[in-house]
Amino acid sequence: MKTGIALAVSAAFAAVLPTGAQAQTWEPTKNVEFIIPAGTGGGADQMVRAVQGIVAKHGLMKQSILPINKAGGAGAEGFLDVKSAAGEPHKIIITLSNLFTTPLATGVPFNWRDLTPVQMLALDNFVLWVNAKTPYKTPKEFIDAVKKAGPGKMKMGGTGAKQEDQIITAAIEQKTGAKFTYIPFKGGGAVATQLVGGHVDATVNNPIEAVAQWKGGNLRPLCVFELKRMPYKEKVTATMSWADIPTCKESGLDIDYLMLRGVFMAPGVKPEHVNYYIGLFAKVMATPEWKKLMEEGAFNITALKGREYADWVAREEARHVSLMKGAGFIAGQ
Amino acid sequence: MTEGPEGGGRAAFGQKSAELAVAAFFFVIGAVVIADSLRLGTGWQEVHGPRPGYFPFYLGLIMCAASLINAARALLAKRAEDKAFVEVGQLRLVLTVLVPTAVYAGLVSWIGIYVASFLYIALFMRWLGKYPWWKAAAVPGCLIVVFFVVFENWFKVSLPKGPLENLLGLG
Amino acid sequence: MEEISSLIHGFGVALSPTNVALMFVGVILGVIIGVLPGLGGANGVAILLPLTFGMAQTPGGATSAIILLSCIYWGALFGGAITSILFNIPGEPWSVATTFDGYPLAQQGKAGQALTAAFTSSFIGALLAVVMITFLSPVVAKFALAFGPPEFFAVYLLTFCAFVGTSKEPPFKTLAAMMLGFALAAVGTDTVTGTLRLTFGSTHLLTGFDFLVAVIGLFGIGEILLTLEEGLAFRGASAKINSKVVLETWRELPRYWLTSVRSTLVGCFMGIVPGGATPASFMSYGVARRFSPDGAKFGTGKVEGVVAPETAAHAAGTSALLPMITLGVPGSPTAAVLLGGLMIWGLQPGPLLFVEQKDFVWGLIASMYLGNIAGLIVVLTCVPLFAAILRIPFSIIAPVIIVICAIGSFTVKNAIFDVWMMVVFGVLGYLFKKTQYPLAPLVLAIVLGDNAESAFRQAMLMSQGDLGILFANALVGTMTTLALALLGWPMISALLGKLRGKQG
């Protein structure tokens, strides 16, 4: 009923426009809700609010973007909201790894195939961090120390339970045979501080969460969970840049993990809707502000769209299923 | 108006029945919590520490126990202490507001918060305040315009809307 | 003193005409946000964050942007007290404790007095906290690093024991109400294992029960229903309305200096740790009730009972910015959003911010002084206006309040379900009040339950189940012992009284 009238109204609007042009040039007729399946202040939230700011500043859209946080049930609330808004073109959602992990870990019924893929914005890196006061200089030294201390004696701090941080921790355990006690916290900033305060022994924080403490000389990066080194060569500390951090693979810890920061829409939207947003994000990504944000957070700036994006997501999903199965994180397992 | 309205002096409920009802409410909630905790596991798990149901289980138990004690105390209370919980007239007043409020909350998802609020305030003013119709329409009319501007335009918070807003192209 | 010269430089930055104008705009917006329940400081700041995006790109713009946003925060801290006092509806979580004495005062026709006391003590709390930030930030920031899970649990325990120990209601009813609060807090995702609890497959319950929705219903709607029993009118409509009330109240306030000092300390501690402004206000109210000579009369409309929570909330709210600046750890939800803002503007909060962005940091600190003065001016001049709201006829203001509560409940999580829950909580609030189940421990349990449980389980994970971790070092040991002592205080004081009696 509601959408019926909305469609009627947009049809009325469309009728005013010259026919023919309409197929390619759909534009939002009201404010666009940008759903964030995570809390305020986190990485996804920052990215959405930056997009909102860039769009407003450069006038990239006639209507506004309204960020809405729907963090309940590890993001399930946000995904279910978009899933149930079939055909609604004024609603987009940013995703984290919880796109895969939440349905697997909680059994809440949704899957990325219920949504329409739009575009990948970036991929977030993960770095293995230890307190700068500890003697460990390489992943090997650290892992050996974990093994020597005995199973469960060393503590790994991370954000959330059965999500990306704990998955990486489990992957390290499977690869090396070392055993951590994983301690879940609510936010990445808190995790970094717990490491600085010596309450945990290591973390796998995203660069942006830990960079301030790295600069301040309190934390030490051991390796990045990437296949190749990060490209940012500008010095962050007196001696090191992001590019100087070795990959975990080259240090003998053969694990790579990147977190999706991508955009999806409701199911059943038309191709012109998707194309509109792909065009919008292309303009956003061309701005200096966006480039600066990517560098600040040492993001991997892969930005797939269309078919390639869907394929990438499908591969990641399969990988998450096997990683989580191996770690015993699947609901009812 | 300080006294309850005409014919409202009788007790609608006694204090005792109200006490028992509230104790029963707590007992039911406690039982529900215990049931779900048992499903989740209430013990200690090797890797994860206390299981998710560990805390809820015990607080459910305490809630049930406390509500039994409260119920017993209500039953043992002397008859003289069983004063009126609420008088008929008072209850009538409470319900004249509570029922429309519940209806209002229900209407929000159908017709949007703006239209529902308009109707709610207007009817409240008309029925309970005996204001003339034009006043009862003008006050909420101005208010919802102010709300719309503050929430939708200033703070960019989208409140629930219904068919009317969609028709006007404001949705 | 290096700090003083830096601060004077900061004043130079903050006192530009644009920045002063932004301060007043921010404070006024903040007060509006604070008055509207549901639209909290955190949403307010988040909503306006993108506006500052363009602003922050110009030279010196980041300072202007943070001044605007932090002034919204001060305004929201001030504004939360208004509806608490007038209608028993806390506009913000940290003004729940303000209702305990503020609302009875308003009912006695002393709304102006209560508002003045609330605003003034907020200002004093904030001012003392800023002084501390100015001179002690490096030392204090290190202190926050000492807090791991066991320490956090001890802080929550301390808050609980400080507040709950002296409940006047029947003990088993207090217990039941408190457990209900914990149960409500447990609904949703369990932080430690990621499992869904008590949701029974309902998508509405995925997010759990928000504290604000419960409070709006229990306190706000419940109170309106109670008022209705006595007819269609608000008590306290006879409030004196003139500007002299401000000066009269000021004459009375110095009497409570000890409470103010104590509350500031509690607030600063809770802000830095960071435990948050809401627990700080509860803890401070509990401590004041215990140690004030008038403690037994708290809850019946004592000005001191307004001073204590407001001072602490504002001191905590202000000092919560310290761990944000120096550690990059937000001390409150609003600070979390501000932190996100800093990063969007390209500033990296952390130990080096003081060194690398001197203008910005000291401009911000100077704006804390100035913004709070601006805030005090704005809200005090409006005291008669706020008090006059009580003169609006009941049959207009009551439905308007209910509508504002409904909007507030909705905006907390953008969920219509919460509007329904508000009505349910309203009925519960009415029933509980009439059957003497205390609401305060219930809401405190909702606020702290989730965090306290997570902290406890994290601590247990760390120690592999050994409770000794709660006494493992001097810091956590002291706090745990203090908490237990406060819980047992009624017994201890009775025992001391007996001993003294014997000696006499």
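The chains carry the letters A, B and C, assigned in the order they are written, with residues numbered from 1 in each.
Here, a contact is a pair of C-beta atoms (placed from the backbone, for glycine too) under 8 Å apart; a residue touches a chain by one contact, two chains touch by 3 or more.
What you see is a predicted model, and the numbers here were worked out from it, not measured in a lab.
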item	value
Innermost chain, where centres are averages of C-alpha coordinates	C
Chain pair with more C-beta contacts, A-B versus A-C	A-C
Subunit B and subunit C, separation of their C-alpha mean positions in angstrom	24
Subunit A and subunit C, separation of their C-alpha mean positions in angstrom	32
Centre distance in Å when subunit A and subunit B are each reduced to the mean of their C-alpha atoms	39
Per-residue multi-chain contacts in subunit B, two or more chains	156-158
Residue numbers of subunit A (touch at least two other chains)	68, 152, 181-182
Touching two or more other chains - residue numbers and ranges from subunit C	43, 190, 192-193, 195, 414, 461
Interface residues, subunit B side, partner subunit A - complex	47, 156-158, 162-163, 166-167, 169, 171
In the complex with subunit B, residue positions of subunit A that touch it	1-2, 5-6, 9, 29-31, 33, 64, 66, 68, 152, 181-182
Interface residues, subunit C side, partner subunit A - complex	42-43, 46, 49-54, 57, 144-149, 188-196, 199, 203, 206-208, 323, 327-330, 333, 336-337, 339-341, 343-344, 346, 348-353, 413-414, 454, 458, 461-462, 464
Subunit B residues within the subunit C interface of the complex	1-4, 15, 18-19, 21-22, 26, 29-30, 32-33, 36, 40, 44, 48-56, 59-60, 62-63, 66-67, 69-70, 73, 85-86, 90, 93-94, 97-98, 101-102, 104-106, 108-109, 113, 117, 120-121, 124-125, 128-129, 131, 139, 143, 147, 150-151, 155-160
For the subunit A and subunit C complex, residues of the former touching the latter	39-42, 45-46, 49-50, 52-54, 56-57, 67-68, 70-74, 76-77, 80, 105-108, 152, 155, 160-163, 181-187, 189-190, 192-194, 196-197, 199, 208, 211-213, 215-218, 289, 292-293, 296-297, 331
